[in-house]
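Both complexes shown next keep chain A, but they swap its partner, so chain B is in the first and chain C is in the second.
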Partner chain A sequence: MDNYQPIPARPAPVKTVGAVAWMRNNLFSSIPNSIVTILIATFLVQIIPPIVDWAILSANWTGTKEADCTRDGACWVFINAWSQQFFYGSYPTEEIWRINLMLVLLALVMIASFKLPKAIRMKASIIAWLALPFIGMAILDGRLLGLPVVSTDLWGGFSLNVFMAAASIIVAFPFSFLWALGRRSDMPFIRSVSVIFIEFFRGVPVLSLFFMGSVMLPLFFAEGTNVDKLIRVWLVLIFFMSGYMAEVFRGGFQAVPAGQYEAADSIGLSYWQKILLIILPQVIKVSMPNILATFVMLFKNTTFLLIIGIPEVVQTLQTALSNSYWLGGHAVEGYLFVFFVFWASCFGMSVMSRRIERKLNTDKRD
Partner chain B sequence: MFKQKTTEEIKASARKRVTGSSGAFYNNPQVRSIVYQILLVAGLLYFFGTIIGNTLGNMEAIGIKTGFDFLSAAAGYDVLMSLISFEATDTYGRIFVVGLLNTILVSIIGIVFATILGFVFGVAQFSQNWLIRKVAVVYVEIFRNIPLLLQVFFWYFAVLASLPGARQSLSLGEAFFLNVRGLYMPRFIGEELAWLFHTSIALAIAGIIFLRRWAKKRQELTGDQFPVLYTSLGLLLGLPLLVLILTGFPFQIEYPALKGFNYFGGISVIPELMALALALSVYTGAFIAEAVRAGIQSIPNGQTEAARSIGLRENKIMSLIIVPQAMRVIVPLLNSEYQSLVKNSTLAAAIGYPDLFNVFVGTALNQTGQAIETIFMTIVVYFVINMIISFLMNRFNNAVALVSR
Partner chain C sequence: MSVVKSAAAAEDVIVIENLNKWYGDFHVLRDINLRVKKGERIVICGPSGSGKSTTIRCINRLEEFQEGSLVVDGVEMIDDVKNIESIRRDVGMVFQHFNLFPHLTILENLTLGPIWVQKKPKAEAEAIAMKYLERVKIPDQADKYPGQLSGGQQQRVAIARSLCMNPNIMLFDEPTSALDPEMIKEVLDVMVELAEDGMTMLCVTHEMGFARKVADRVIFMDAGQIVEENEPEEFFNNPQNERTQLFLSQILNH
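Right after this comes the complex of A and B.
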């Protein structure tokens, strides 16, 4: 008796697999769909090649001055020539290592809070984060460390945006936590003070807060005290941020089941033990994505500092654009560059936020 | 009588039972809570007392008189754009109103266009067409992640500033002109019988509302559908058109005309307003698109499948099943996006659009030195606008909220 010879499976019809099927399903599934596809495709074909040509193929990459931009395309020489200004502002060239040191410290603390051994991770990283803004301030200013003093008018560029955003959110962290607790408190007066504070700083345009910092705050201090403008704006940013973060934390507190509070009470923990050891770790876990989203908002808002005359990166760009050696109209290149820097940072953070969310999501593996 | 005990009372009595005493008085939670609150009140009183004392002292030292008297003083400067008549001799009070109206104008334009963009791109992320999906995602991810200030500058300095001059204006049918100085549109000036036209529009809208109610009731009773959309469109266009023909077009059209170096007549939109409104709409639109996406994603797939199984067409599924349910998630998010749009409209200061913040906190503060008063008044205005938005959106939210039976 012959062995049974199965007939080999026939290949799937061309219509259902591979590129053809994908295009049928996703691009040309119906007549209106096909029309839209063709319209968008022609539009993209029309605009993408000229942009690529302008930005890459016929762009000017090398050189140091305006006259080096001889070809038709973008003049990236402009960005190159001003890159130090864009990143470090007018900070003295021989002291720039201090800014780099600060950024390295920031990165180190960030890595440490993920990679340290579990036993000391929480305590060590909290202390490191809280100390960071003040260490950064001391390094940049230099007075306390015996380095040459760099006055705050010279701080600027993209590093200032990063520093202001990071320093504000870190200092705002403990405050916002207290405001959120206050809003949940049983004590009527503490609760209403917290509500008023939070709603005030959330309801007011951030620009008017900056004006308060630069025009109104000096009036509040006793006569003769002179607080640096950057510090005043920093204070305002801390208040602004703690209002927003308090709401993020409030959401987090609400997400922790009541059983956790009751269980902590039943094993006899004190209020602060309960909050710090049981509740807070869970709150931080659930609010991590929102904390990052709030940070992205703050980071984008640091560009508003330009309006009160602080030389952050957009202000530096405008100075560069009006420089008499570079009057060739490089606005498009300049703005595209700053666009890209901000976009890359913010988009990167939102991708990171999604990854952290997945990593922290220990109870729902999906 | 049985009295409900509070948690604190239960805890206190439990403590008494365990320890045999109510403990030292400073361990009593009620005593503690009162002490904490008294401390907070004292601290706040001291803090504000110092601030107010310092402020008054400082203002006296610089020679600024506190109070709102400056509002009735002549401003002495002109504003770029005003919805009501304004001259340099008018008061700061009038400048306040001019700025307020400009803020409201740009906010309304921004909210309308941001909502349209947001819903179009939010729904487009669920399109069957791969290319449309990708375009929508690229729009959201690009414009959400670039600071608004940069976008305002981009539209103002890069796009609108590169438009042609007045003589080479881009024109549409010799009625609309777009050039570096702004957008010029024809204006309709009503004659005697123009009120008939306005009334007919109002009648048409009332008719549509009535028609919708009637059609809904009929469908609930008989299951028959009535073509509401086409009849409504017909009513909205037909009735006013009929009135226009019968009354013999009671309008004069004022076309913008090139005189010298610029266009005059008609309605003009200054580039500052265009740039700000564009940036606000595109930026907030990206956030609203995300809100719409989140709303649609929150609807379980079973809803779509159930709708398909009873034979609804794809566009009907979206408009009848998915979006109405998604609105419950979308509306609260929309509320906060609208509020942040209004707050962000203060960026007008960066390009010189005369909104409230710019003319009042910017210029009036500089001229009078009344920092506290101007900033206070401006902040109150933004609070009130946001409260109105919140109130309206909450009413809307109640209308779309899940009715639990």
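Right after this comes the complex of A and C.
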């Protein structure tokens, strides 16, 4: 009898690979599909050239004032002229380096949590993340660092959206983890407090929470204490966010098999060792896509802050639109700009979360 | 009770008396009585749902029980957290589905207990881990993740992970039931070696060859009770109880 010989792998048949095959499979696989493909192609041919023309070819790129917008297309001069307002609000020009420093720190911490040597990465990046909102606050405010004080009324623009979102989610992270643990607790008191908290903040519209933060919350503080409006809104965002994230984490907890708890118990780990060393890393891994989705939601919700008069980016845009030197109707350019800035940030985060997911995915064989 | 093969030290390390357990209204363990001597190897078999896993899971308190008493290493298992954690350090457990920690490398899986529970320095913990990885014959896998190993390798890592805690007693809960036939032997070989070194072992398994080879006693359970216990030769060749005969005829004749 012959010896068994493994059959070598052969390349796939030509018909199933290549651009032509792809088009046949995906665009013209049947008559209805071909019709839809042609209709969509015609539509795109109709719509794309005018948009390109308006936004790029006949757009106004250079200049400093409304009168410089002489051509038919978009007036990007408007964005250019107001860009400092859009990004930094009314923050004093000579102090803007502080906002940039805060953003650079944010980026550095982000990079550090990927690139630090493995031995210290976990500890160092957790401490850095948790300290970041408070350091950022100190830098922007300035009084603790002996810099000129910049009142929170002057903070604004897109950097404020970023700061509020980042500062809220970072602080909300540990809290939401505790709420999720509480909801799974065997102790009835802890469980019901957690359930009530989570369901309250998930069941109430975020706008009404903002109003509560700006109008009602001061009533609860002791007389004479005056807590800054931005801090109050920050608290509201933290509560709101931790309610949502608690549910994200609860889903993550349910995805960790009971055997993991039992194995941790069987080698004698204490409750907190078990939760922090074994369960939490696995919870974060399965929850990563939902954590990102929740964060993106919160980030975009920061534009609602304009309702209570906080000069975030949309608020500054509206101020710019009603400015008497710029009454030429630049709303389209303005809102497109806001769309783009938010979209680019969210897309960037989405790319980053995919990287984190890949990093956490240890299941692949070599 | 039957004669015991290896009664070198006649000291009972596990004493179970009149143990009863309920899941809600369901009476899962009924009047379990079991004494295990130091160095004794016990195989527990029985149909699924007979309470054999539940029994050994009571020993390291992964399950609670409602009535009876359970003494491990001279420590009575009561609702005292300190007791439970100290017992768990002395009792190793190997699970059907390995339950390795997927986010940690093999080496980190093994050093976790020594570092965090026994407070050993990292270098010492790693030396211990490598020693046991060599013993289960996979030191070359130390830096991989559990997901990159075969089932048999994972189970051997799980055994090594328990051994790193230097336990007095090892519990095996169907250690080969989730493995492909080709991998069962490599795990059983490790378990046989462990038995030959004199480890006290309680093993829930249907590997009757293993039972014949290493067990001092075979225990047959059905419907939450111990139906019969005997030394392996007697147990397999001359089962006393009708239920045992039926069970053995079903698992041996196929």
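Convention: the second predicted complex is superposed on the first by the 334 of 366 C-alpha atoms of A that agree within 3 Å, B and C clash if a C-alpha of one lies under 4 Å from a C-alpha of the other, contacts with A are read in each partner's own complex, and residues count from 1 in each chain.
Throughout what follows, a residue touches a chain if its C-beta (ideal position, glycine included) is under 8 Å from a C-beta of that chain, and two chains touch if they have at least 3 such contacts.
For clarity, every value in this text was computed on a predicted model and none was experimentally measured.
K.L.:
Quick one: classify A:Lys285 as touching chain B (first), chain C (second), both or neither.
P.N.:
Touch partner of A:Lys285: chain C, not chain B.
K.L.:
After superposition on the shared chain, which partner residues are touched by A:Leu277: those of chain B (first), chain C (second), both, or neither?
P.N.:
second
K.L.:
Between chain B (first) and chain C (second), which, if any, makes contact with A:Ser266: first, second, both or neither?
P.N.:
second
K.L.:
Applying the document's definition of touch, where does A:Phe175 land relative to chain B and chain C: first, second, both, or neither?
P.N.:
A:Phe175 contacts neither chain B nor chain C.
K.L.:
For A:Val338 in the superposed arrangement: first (chain B), second (chain C), both or neither?
P.N.:
A:Val338: touches chain B, not chain C.
K.L.:
Just checking: does A:Val193 make contact with chain B only, chain C only, both, or neither of them? Give me first, second, both or neither.
P.N.:
Once the two structures are laid over each other on A, A:Val193 reaches chain B alone.
K.L.:
Decide which partner touches more residues of chain A, taking chain B and chain C as the two options.
P.N.:
Here the partner covering more residues of chain A is B.
K.L.:
Look at A:Trp54 in the shared chain and tell me whether it touches chain B only, chain C only, both, or neither; answer first, second, both or neither.
P.N.:
A:Trp54 sits against neither chain B nor chain C.
K.L.:
So, does A:Cys346 touch the first partner chain B, the second partner chain C, both, or neither?
P.N.:
first
K.L.:
Residue by residue on chain A, keep only those touching chain B in one complex and chain C in the other, then list them.
P.N.:
Residues common to the chain A contacts of chain C and of chain B do not exist here, since the sets are disjoint.
K.L.:
Would you pull the chain A residues touching chain C in the complex into a rising list?
P.N.:
Result: residues 257, 259-260, 262-270, 273, 277-278, 281-282, 285, 360, 362-366 of chain A touch chain C.
K.L.:
Can you tell me which positions in chain A touch chain B when the two form their complex?
P.N.:
Listed in rising order, the residues are 25-27, 29-30, 33, 36-37, 40-41, 186-190, 193, 203-208, 211-212, 215-216, 218-223, 296, 300-301, 303-304, 306-307, 314, 331-332, 335, 338-339, 342-343, 346-347, 350.
K.L.:
Would you tell me which residues of chain B are touching chain A in their complex?
P.N.:
8, 33, 36-37, 40-41, 44, 50-51, 54-55, 57-59, 61, 128-132, 135, 141-142, 144-150, 153-154, 157-158, 339, 343-344, 346-347, 349-350, 357, 361, 365, 371-372, 375, 378-379, 382-383, 386
K.L.:
Please give the residue numbers of chain C that touch chain A in the complex, ascending.
P.N.:
Touch list, chain C to chain A: 60-62, 85-86, 88-89, 91-93, 95, 97, 99-103, 112-113, 116-117, 144-148, 158, 161-162, 165.
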